[in-house]
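Next come two complexes built around chain A: one with chain B, the other with chain C.
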Partner chain A sequence: MYRQKYLFLLPGLLVLVAIILFPLLFTIRVSFSSWDVYNPGLDWIGGENYGRLWEDARYWQALGRLTLLSVTTVLIQYVLGFALALMVWRDLAARRLFRVLFLIPMMTTPVVMSVLWRTIFHESLGPLNPILESLGIGAAPWLSSAGWAFAAVVIVEVWQWTPFMFLLLLAGLLSLPNEPYLAAKIDGAGPVRTFFSVTFPMLGAISVGAILIRLIEASKIMETVYVLTSGGPGTSTETSSYYIYIRGMRDFQIGYSAALSLTYLIIMIVALTVIAKLLVRALVKDAA
Partner chain B sequence: MIKTTLRGAFAATTALSLIASTAMAEDYTKYGIKADVPGTCSFEAIDAKDYTGRTLNIITHAIPVIGEPTALHAQQFQELTGATVNVVHVPFGDLFQRIMIPFQTQQAAYDVLFHASLWLGDFSPFFAEVPAAYQETSGMKSVTDTYRGVSLVDGKLLQYPMDGDRHYLKYRSDVFANPDMQAKFKEATGRDLTVPATWEEYNEVAAVFNDFDFDGDGAPNFGTAEVTKRDDLMFSAFISRVAAYAKHPDVKGGFFFDLETMTPLINTPGWVRGLELFVAAQASMPPGGTSFGLGDEIFSFGGGQTLMSYSWDDAFIQAMQADSPIRNKVAAAPLPGAKEVWNRTTGAWDTFETPNQVSYVTWGWSSAVAAASPNQDMAFDYLCFFSNEANTMADLQIGRFGVNPYRAEHFDPAFYQNDLGWDAAVATTYADTLKAVDSAPNQVFDLRVPGVGEFMSSLAAGVARAQSGEATAQEALDGVAAEWTAIVDRIGKDKVKAAYANVVALEDK
Partner chain C sequence: MLKITDLELLVGGVAHLAAINASFQPGTLTTILGRTGAGKTTLMRAIAGLIAPDRGQILLDGTGWTRLPPWKRPVAMVTQQFINYPHLNVRDNVAFPLVRAGVAKADAAARAEAALARVGLAAMVDRRPSALSGGQQQRVAIARALVKKAPVLLLDEPFVNLDYNLREAFRKDLVDLLAVETGTVVLYASTDPREALQMGDQIVLLADGRIVQSGSPRDVFANPASLTAARVVNDPPINPIPFHQNGVADFGALGQQAITLPSGAYTLGLRASDIRAGGPHQARVTLTEVTGSETLTHLSLNGLDLVMQEKSVVLRSPGDVVGVHLDLHKGLVFGADGQRAGV
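Take a look at the complex of A and B:
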């Protein structure tokens, strides 16, 4: 009698199919084709692309590099974001101004921000090396040495996305009840003890959420690498997304890059699910 | 009868004169040209066409390089013919796919396409041949054989030439002529300072003039600026450095591949030697020079930071800007050569008394009309108008437009001297160098085959590995050779070979 009620779900379902399911199913189909610059279309080559991917050392190296980059940047962002949030949480003059200032990097377009940082890091024309030299630290080969280039990417990522952590953790701090702090004060807990026994545990759930969201975003890093280093020197800053971009958009290997993308997606889903479970177990008090 | 005929002839003559005088009265200099040049696609001729109610869709590069003249001439074409002209500007990184995807999905999204000429191997099945009428225009007739050649596929003109690019050497003529610098070089090397004739000499000069203030402006200078950033056209710089060692003047049949077998030659000793010298030169580059993109190279040499450079026109033009600190202190020369050249036929190095110099005709923007376009007549008129003599001479004077010499008259030093105000010596070395590249007996061209993006991407990744010390030159190029073999197998040996034969034909002419 009321079966027509399901019709009301139809618009939403159609949108879901159009924007999520169709591209996903199409990508899966494309990944089993040889679609490239000379063989357009959806022929069927079975798992050839996946077999090729298995032997593609550059892809797996890029994935390993991405893991290191994501974990490093997100950890630093979390620590810095937490520190900044604690700083403006309570007794700080002009804290509203600081809150807005801290958010500016996040509001900048990544490509524009990367171009800006590339200029800053420029070893001949940029301002950073002269500043370091005037401080007696000495110039660094920011974009022309493997280790420094990796560090440069980390710095830019941390600079841009720490505000995101800051925002989430500050929202969490502002929502905390006052009673546990009163109790801690009555018990004679100092600031450090209060932080580790009250603040940090109570922000466990928000911390997990913030870290996971940032890990998901960090795993897609593309613009920063593209503009700052183009994956170099050598392949030292080449991440999975950038490698897939090269194969798909530069080399126009549509079928192969679809296989790379899907494999990457599956690995990310599995990895992030495991990480989420571990983080919940470690950080959320009543997780069990 | 005679009277009637005469009267008729008089009337006709009067009418023609009136039409002509009306047309002559039209002042086209308002479009920024010096004067209209009569011809098939002159302002006057295009003005006479009526495309009212029709729409022309153009895809081009972002502003300013090529994108700006595309938009400028589109606006003019629209005003002259009444057509509606839509111009889509696309960043370089997206241009290939934005053109290719409509082609592959059989959509006539664009009538006119501006693209990198080396993509011809991928795009040629989708381009319309330039009609004979346009090939007979005076503008097209003066395109040099080299730039007409890069637009041909199996004898068919598929690209409409509108730019000419090549690599050549640029250097600071004031430093080379300075007696103190000459003495310093002699003391360091025991030989006279000369414009490098070989890449070994280039590296030697760069090393001596590295990291000291050779022009007395208070800032340190460096030996060489080169495009070294992996995905920023570095492959072209590498090919420039390799060609002299690997393109033997007496060995025909392929530079990148052996045309017979389609075996990559990329890891043969000539290529390896070139890469070793490319890697060695890193010691004479400015800070950050090992990750310089084209923009960095342009500003490094063009801004007076480095003694030498080699690539396209941009850095030279930058150096010759009115506000440049090194205006008229630069000169051009053909790329350095090699006294030892790998002979793949004998499997040995051949020694040359006069260095083997190879000109590298690389890149260059080009244009074409889509075979699926329903507006081919209007599209070819637009391209013909874009590159008419008046427009081209005006475009050549604006560096940011990215239009570089490609017609015989563009190699006249008087143009650079009179219209751009260059010193006679600079104008002469520039024009003579371009002319020499154009007519060089030993030339190398880009790999215009299907999948060129993949081939060059693989090459750049391999070279970058050697540059960063991840692999030796031989190991890096062996890896590239293996990848190239796999790419050829995947695309199809016959397809790649057929396209490559066109390139080899140009090189072996």
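Take a look at the complex of A and C:
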């Protein structure tokens, strides 16, 4: 009689199948086709797209670049977010101010924000280079040099998403009990030691959650690259999502871009699962 | 020796500690006795460095502590709350102060396990504090305080949040544990006079942030210097019976010492145990409290509110009339200024 309860799950299940499972199955089928601008349709070409992908150095370079970009930006966001959260943790007025202030970058549409930063980074008309020159640091070829363009993408990503880390870690800090801090003082731990022995381990679970959410989001980076550098100069800031977009939407190689997407999806699932397990083992004491 | 001189601490202009002068010898257990809000925890926290006094000095063997941050003070402390590190297992909790002090991890773990064995938690070293009962959590905190071997050990009502039976058992265990800490100044804060009288080598009475009396538990109990001290050191509280003396009279039979009182207003302090049932004075029962094997009967006698303590369970109802006898010759006389009179 209680089996009837599963009927209530059916509408949700159907929606899930419609919006997730069907597109996924369809993409798998498309990836085994030669669907492009000249031959649209679901013909069967076996694993040809996957063979081509294996030989596609540009794709693997984009994946490597994405890995570097994700890890770098998320690490910087975590360190900065943590530092900022610690700075305002015990100060109610600062906490209120920064909580509101830091929501602004997060609420800004990535495209709008990237356009603004593109103006800031503009080598002859933007305000950044004159400021750097006035400080004696010197102008930088922000968007025309491979290394500087990569740095520019990192800066924009860090600017936009550090507040997310800040808010999550601040919420974590505010939820910590006071008693261990009292014990740590009595037990001979100064502020630095208390951070590493009490605060950091007690925030392990929240840190893992925050890092993973950001890694998942960072691995999908697209708008910033599209507006800020268009993957350039050359392909020096091209990420996987952007490369798949070029192959699919610009070159209209739908079959091939489906194979790229599926491979990318599998790599991300495996990589993020491994990273999640490693992070939990390293940062969450309960997992020991 | 731990010495405190002229310690004063104001919060919002109100003195939470005032004119605290005391010295405590190594190897002695001093009970800081006072009612809730008397300043016991504030005094302990000031010694530990968790709050900064406005005036005065705290010295250990002549070295000033006042400017030292808490983590640099050689102090161990157990608080009313069961304070442990939730993210560490029991062994690591107890080893924490040793590791901070630079003891090698393996050595610290071994010493922590030995301390845990002393408090009866040898089988629970790998558990998290959250997996322990309240009493066990407090034992972990006690083990952590003991393992540090600090010259000053502060115990701030460590058993107040435990049930009666556990509190009695732990108190005895603690006395046994502290017996070997021969070089340590132990301060034990309590609101319970019976606990203070049982445990301490000396007793310091605290009221409204001031020390009102100190000495051996027996002396302080027998001869409270003031009505305030008598109220603090007696549980149930002493019965104050105001009276007026006209002309000089010798009250040699009153109390344990002969006293001569000039004319004036006085208060006779009569302990609850010095009022007995079965006497000529007809008192009306207002409340009966049975605590364990004792009965506290609240009485109204000629407009006076009195408490009678009996070492048996006697059930009376409010409104009952009971004949009582007051052992007035055991009473303590206090002058209008609250100080002991004629002593």
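One rule holds for everything that comes next: the second predicted complex is superposed on the first by the 282 of 288 C-alpha atoms of A that agree within 3 Å, B and C clash if a C-alpha of one lies under 4 Å from a C-alpha of the other, contacts with A are read in each partner's own complex, and residues count from 1 in each chain.
Definition applied: a contact is a pair of C-beta atoms (placed from the backbone, for glycine too) under 8 Å apart; a residue touches a chain by one contact, two chains touch by 3 or more.
Keep in mind that what you see is a predicted model, and the values were worked out from it rather than measured.
Student: Put chain B and chain C onto chain A via the superposition and say whether they clash or fit.
Tutor: Fit: chain B and chain C sit side by side once superposed on chain A.
Student: Using the superposition on chain A described above, determine whether A:Glu179 touches chain B (first), chain C (second), both, or neither.
Tutor: In the superposed model, A:Glu179 contacts chain C only, not chain B.
Student: Would you sort A:Arg193 into first (chain B), second (chain C), both or neither based on which partner it touches?
Tutor: The second partner, chain C, only.
Student: Contact-wise, after the overlay, does A:Tyr2 reach chain B, chain C, both or neither (first, second, both, neither)?
Tutor: neither
Student: In the superposed arrangement, which partner chain does A:Ser230 touch: chain B (first), chain C (second), both, or neither?
Tutor: Touch partner of A:Ser230: chain B, not chain C.
Student: Quick one: classify A:Ser124 as touching chain B (first), chain C (second), both or neither.
Tutor: Only chain B is touched by A:Ser124; chain C is not.
Student: In the overlay, answer first, second, both or neither for which of chain B and chain C A:Trp44 touches.
Tutor: In the superposition, A:Trp44 contacts neither chain B nor chain C.
Student: Tell me the angle subtended at the Cα centre of chain A by the Cα centres of chain B and chain C, rounded to the nearest 10 °.
Tutor: Vertex chain A, arms to chain B and chain C: 150 degrees.
Student: May I ask you to name which of chain B and chain C touches more residues of chain A?
Tutor: Touching more residues of chain A than the other partner does is B.
Student: Shortest C-alpha to C-alpha distance from chain B to chain C once the two structures are superposed, in angstrom?
Tutor: Least C-alpha distance after superposition: 52 Å.
Student: For chain C, which residues are in contact with chain A within the complex?
Tutor: Residue positions touching the partner: 48-50, 69-72, 75-77, 79, 81, 83-88, 96-97, 100-101, 141, 144, 148.
Student: Help me check something: in the complex, which residues belonging to chain B touch chain A?
Tutor: Result: residues 93-94, 96-97, 100, 104-105, 122, 229-232, 286-291, 293, 296, 299-300, 305, 450-451, 453-454, 457, 461, 464-465, 467-470, 490-492, 495 of chain B touch chain A.
Student: Which positions of chain A touch chain C when the two form their complex?
Tutor: Per the stated touch rule, the residues are 177, 179-180, 182-190, 193, 197-198, 201-202, 204, 285.
Student: For chain A, which residues count as touching chain B in their complex?
Tutor: Residue positions touching the partner: 34, 36-41, 58, 122-125, 129, 139, 141-144, 146, 149, 226, 229-236, 246, 249-253.
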